[in-house]
Amino acid sequence: METIKLTIDNKPVEVPAGTSVYQAAKNLGIDIPVLCYMNLHDLGIENKPAGCRICVVEVEGRRNLAPSCSTTCANGMVVKTHTTRVINARRTVMELILSDHPKDCLTCPKSGSCDLQNMAVKMGVRNIPGQAYAEMSTYKTDFSPSIIRDMDKCIMCRRCETMCNDFQTVGALSGVNRGFMAVVAPAFEQDLEKSPCTYCGQCVAVCPTGALTEVDHTPKVIRALADPTKTVLVQTAPAVRAALGEEFGLEPGTRVTGKMVAALRQIGFDFIFDTDFAADLTIMEEGTELLTRLGKHLSGDKTVKLPMLTSCCPGWVQFFEHNYSDMLDVPSTAKSPQQMFGAIAKSYFAEKLGKKREDLVVVSVMPCLAKKYECQRDEFKVDGNPDVDYSISTRELAHLIKEFNIGFNELADEDFDRPLGESTGAGVIFGATGGVIEAATRTAYELHTGKTLKNVEFTALRGMEGIRSATVDFDGLPINIGIAHGLGNARKLLDLVRTGKTNYHAIEIMACPGGCIGGGGQPLHHGDTSVLKARTKAIYSEDTNKVIRKSHENPYIIKLYEEFLGKPMSHKAHELLHTHYFDKSSKDIFI
Amino acid sequence: MHLLVCGGTGCRASASDSIIEKFKTEIAAKGLENDVQVILTGCFGFCEKGPIVKVLPDNTFYTQVKPEDVAEIVAEHVIKGRKVNRLLYIDPTNQEKISDAKHMGFYRKQIRIALRNCGVINPENVDEYIARDGYHAIGKVLKEYTPAQTIDIIKKSGLRGRGGGGFPTGLKWEIASKNAADQKYVVCNADEGDPGAFMDRSVLEGDPHSVLEAMAICGYCIGATQGVIYIRAEYPLAITRLKIAIKQAREYGLLGKDIMGSGFDFDITLRYGAGAFVCGEETSLIHSMEGLRGEPTNKPPFPAESGYLGKPTNVNNVETFASVPVIILKGADWFSSIGTEKSKGTKVFALAGKINNVGLIEVPMGTTLREVIFEIGGGIKNGKKFKAAQTGGPSGGCLTEKHLDTPIDFDNLIAAGSMMGSGGMIVMDEDDCMVSIAKFFLEFTVEESCGKCAPCRIGNKRLYEILERITNGEGTMEELERLRNLSLVIKDTSLCGLGQTSPNPVLSTMDNFYNEYLAHVNDKKCPAGQCKSLMKYVVEPEACVGCTACARNCPVNAISGERKKPHLIDTAICIKCGACIEKCKFNAISIK
Amino acid sequence: MAKIKSLDDLRVMKESFQSKINLREKGENPGSHVQIKVAMATCGIASGAKTVMEFMMEELEKRGIESVVTQTGCMGYCYAEPTIEVKLPGQEPVVFGYVDTKKADEIIEKYIKNGELVEGIIPMNYETIDN
Amino acid sequence: MSHIKVELKQEQVAKLKEICKSFDNEAGELINVLHKTQETFGYLPAEVQEVIARELNISVAKVYGVVTFYSFFTMIPKGKHPISICTGTACYVRGAEKVLDEFKRILDVKVGETSPDGKFSLSCLRCVGACGLAPVVSVGEKIYGRVSPDGVKDILKEYE
């Protein structure tokens, strides 16, 4: 490979051709500040509008300062990153950005993890000249079920726009207006709720400021905890335990399951349950559905559609309701684990406690923002009472733990409560891309073939590639499996399926990069995608450490069917654990 | 015989009316009414030497004629046929008296190259273009030259891009020609967004074929078969004429497949701008052509590597293209003999503002501002004093009295703190407040900034706010300092040409008219009397007769007073509209 | 319309167009026409050049004057729009500015019919390169 | 953003689709499609943008992003007589601002607004290229040159 030699701050450096000045400086340990630039290398996404102009450097022979993020190294280039001219320019630009940014840092949801705030600290900005009369660009705040858009805080880095359009192909957001009032917004500057937004939260995950944040459900949770008439249950999604530690300074990939349970117990939840249990339940229903559809299909019933698509991911469900309304019969009818949990908690478990469903409050802790929206969907309510009352994100749980004065890192591990806290390794891997389909394969294989798997790990289904395909041998019956994570990849795969030219039997789709571990409600990765890999590793090691690794072997699942549901896909199971989808293709008609 | 007396404003001010009267009486007295006609004409442009009298048919050009000279002209020239030597124009280069106006250097002040067919041919008739050697250049190139040879001619001619930056056109073509690709594009930038500039519109309306021909030549040179003209939707006439021209050229086979049997294919389509000044910037223009928001992207990569639809693209503006066919036909040497050392050929300017002869002019590079304003433009309107000429529009700066004798070319303008821009030249007089002018341009930039990069999006807004404070009398010295620093940083850090030049009007007015800024800041006064907030309308009691005319005409009832007694203006209510001053017959209201 | 197949084709065509125009302009035959060009760029049209052009065409025909009225682009005298150029056979062209129908009428009656100049002449002040 | 609910008639939708089709439903032709549509409908209400987005297979947000980027496009119906004041530099130095103020005062509307009776809408534009006539005002297709503040009411009178 061709290499380029240049000097940065008088230090010689050699880099591969095509390297940016920013990266070359980084190699030398020179940390040029960047604001709009974001490189999600593993996802093939680079946001490089060169718009913030914070990363400017002096390049000898050039008339103007050059943005280091989008200036490619050239042989003999002489770069200076901290001359008076650069420092003055950078600081002046920073003051300009701050002059059009609200100063309510104290109460901003992003305070403490805000890139802009950190940068202001780094540059030692002490005052903003002309603040008294500087007009600010202000916009209407948009409260959707999951995401709050406070565009007064937007700095036009366009990261959200890149995620929403290039990565997710959702197209809810675009740069709109011009000049001082330019901002990123849905069509007609309407609320997200009236847009094709899936609430995947990837915009929130990359927003450097408090412009995009999650709807905070913690006050409601605290109120419920304080209400003596309520029994408060909490369920935690698999991906949460692989990332929560990051909020407390632990290395990405540290598993904190036991500490998390302990913390939740200290906070005062009456029952600490696990969404992983519901994940096992999902496998029972979805796996059975797959086998049924497969069986009918193989016997020549053309009314049965294959492939079957997973339906655990609410962002994905919203996406196909908007974009693939002609294929609404393709996804599995199984509810997501969160909703299965809620349905079982407020029926089976309520009965066990001898309480009415209204007396139970079900809280979920999710790596996801779309879950907030999902639990508010009308079909998941009984007489107006939702199966899951509140959904808080991993970040909100961390806030809650801190607010409750809990020394998280010192906590001793504790166990989930029974019966809805018992889970298998299959339930855990739901948190990573390919995990749902691997879990389903473990069960479907054994149910179909009647044989016991020698190796439960289907590594062919794992990985970070956006679209993956694998064929699993069901004892002579080859089952073709497709996997996509990220809605842009999902769209590619779905468009293929739509042509009718594929031979997939089952497809797993997750809206977020890497699956739930990269969800919009997770601790911010600040553009470092190696974090996602570490979390994935944690998920799989959690699986390895489990005694039971197949959903159908979960004793409490077996008990649930015995005591309550009968068998998978039974009438009762249908009523409680299955759902239907809506054609929202015309919903993006605004006004 | 005809006696043409200049009736331009400049000459009128110096008594051309009475000269006409004198001529008429003198001629009547001699009984020559039937043989000699006295005609008042429009401005000759040569106001420095006015009043002008021209005698036809012998083309005698008398300068600085006074009413007293009339009798002599009639007696000597009209009756005896002898020219009045002392009134003849003296050639400044050799001190010779010129008797036939055709030999006056004055007429060579303007040479029309890009405009050579404007006002001469019918733009809707390709035959007339062909009759003036139209499409001969592309014919010649296809038959006689290789692309490299053609590029060489353009390089040797020294032609530089007329759109703003002045990048050498031949070099630009060469770069695009060297980037291999299955498809390349030639784009004509006709998105003339500079307020007060209308060169491109005039060329397209007057001579569309020369642009088509040049684009085909460029296509041949760089290896493109497709041309696109990106034109402002606000120019419906130019669009219509371009459409007609393209149709006619296709019918003759001058566009399309196998042009003139050479095997070279080239065709042109139109794309419309939609009102965004930033689309004058190449990368923005290309995004706009692709149906996107016209936001610029960082260069490199330059369009020559990756442009329209990701293919190598060469973008030139209208005037640049319009100069190309002549260069091919008359040769690089001919073109490079005109102009200055580093700026060759001519430049079209749209002369506007407080000048008598608002119009389109084309002068050799190196012409001085004085020549443009006082010898072509007919001087300042209403006999006011010249204050500044703004070139380069919102990206440019002001040229002042001290620049009057600077030869205008790319480099001198930049050295003077302005720039060539596309060629708008707005002339300002003593009544124009330079802080307000800077504010005017900033208002434009704020409105036209695309909003992509922070310095331009926010910085220009802040500049505007400071200027507003200054013109309102609220400015401080600290803010003046900030104005300068902010301007320099915006120039230094902005993403595209718009932001990199937007502070120029501020910096240039600060450099040339700092005292005016100081007057606003320190004395809270606007020397030009233009800033409303710094003005006060007052009734002079001694002069006021109490006619009540002012009070009756005040739209906000700010004036009170009894009949026949001096009136009073309530400055708290007064909106400074000036209606009272206009109505007062006694000059009793003044601005303080 | 026939396609132009080569540069020589084009040259032949040019000759024929040019001689046609020369015939018209230079007045090489006695019965030649008066030629009138109306500057029809945006500023001209905005100032009423269309009305002037129509007036000229109608009136010249009505008054039995053999003439050709054509449109052309901007002559550069934007301050004096509408502008028209009148070329009498065998004479230098003359440009008139601020032409309205009244002025046009005067131009026809005085200049075109009798060769008497009228007020409002715009002195030409540039050189145009001819190839 | 204020919205006036517009119901598109069947034939209007058909017309829109026809326009898109005439540009081969190419996303890259969006700006040309918008031009043609505005020419046909007079403005670009949200519903129209939605149909265009669907036909060209781009997101409505992107269409709206383009519409709001270019000042030529409008989502507000123009008045019966759209008035535009040129605020190019030449017009500015020759007093366009005062002319604009007078229009604002008499019509009691801001720039970009339409009078309540729908008769006049007021907008600014940058240079029509008729700088010789500065200041320039256009009402519909008609251009008025050398307009003075005093002349404003006379212009308006023509459209009474």
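By letter and in written order, the chains are A, B, C and D; residue numbering begins at 1 in each of them.
Assume contacts are C-beta pairs under 8 Å (C-beta built on N, C-alpha and C of every residue); 3 or more make two chains touch, one makes a residue touch a chain.
The shown structure was predicted, so the numbers you read here are calculated from the model rather than taken from an experiment.
**Student:** What is the chain whose Cα centroid lies farthest from the Cα centroid of subunit C?
**Tutor:** Between subunit C and the rest, the longest centre separation is with A.
**Student:** So which one's got more C-beta contacts, A-D or C-D?
**Tutor:** A-D
**Student:** What chain lies closest to the overall centre, CA atoms only?
**Tutor:** D
**Student:** Please compute the C-alpha centroid of subunit A, do the same for subunit D, then give the distance between them in whole Å.
**Tutor:** 43
**Student:** Using mean CA coordinates as chain centres, what's the subunit C-subunit D distance in Å?
**Tutor:** 36
**Student:** If you average the CA atoms of subunit A and of subunit B, how far apart do the two points sit, in angstrom?
**Tutor:** Centre-to-centre distance between subunit A and subunit B: 57 Å.
**Student:** Can you work out the whole-Å distance between the CA centroids of subunit B and subunit C?
**Tutor:** So the centroids are 26 Å from each other.
**Student:** Could you say which residues in subunit D touch two or more other chains, in rising order?
**Tutor:** In subunit D, residues 65, 69, 71, 128-132 touch at least two other chains, as defined above.
**Student:** Check each residue of subunit B and list the ones that touch at least two other chains.
**Tutor:** Answer for subunit B, listing residues that touch two or more other chains: 198, 201-202, 235, 276, 293, 295, 352, 358-359, 450.
**Student:** Scan subunit A for residues touching two or more other chains and write them down.
**Tutor:** Touching at least two other chains: 175, 177-178.
**Student:** Show me, using the given definition of touch, all chain pairs that touch one another.
**Tutor:** A-B, A-D, B-C, B-D, C-D
**Student:** Can you check the complex and tell me which residues of subunit B touch subunit C?
**Tutor:** 2, 4, 6-7, 37, 39-46, 54, 56, 106-113, 115-125, 127-128, 130-136, 139-140, 142-143, 198, 201-203, 205-207, 235, 237-238, 248, 251-254, 260-261, 326, 329-330, 352, 356-362, 376
**Student:** What does subunit D use to touch subunit A in their complex?
**Tutor:** 1, 3, 5, 46-47, 49-50, 53, 58-65, 68-69, 71
**Student:** Which of the residues in subunit C come into contact with subunit B in the complex?
**Tutor:** 1-7, 9-11, 13-14, 17-18, 20-21, 37, 39-43, 45, 70-80, 85, 97-98, 116-131
**Student:** Any idea which subunit B residues touch subunit D in the complex?
**Tutor:** Answer in residue numbers: 192-198, 201-202, 233-235, 271-277, 288-295, 309, 350, 352-354, 358-359, 390, 393, 424, 426, 428, 432, 437, 440-441, 444, 450, 555.
**Student:** Looking at the complex, which residues from subunit A come into contact with subunit B?
**Tutor:** Counting only subunit A, the residues touching subunit B are 48-54, 56, 64-65, 67, 70-72, 85, 88-89, 92-93, 96-97, 99-100, 129-130, 133-135, 155-156, 175, 177-182.
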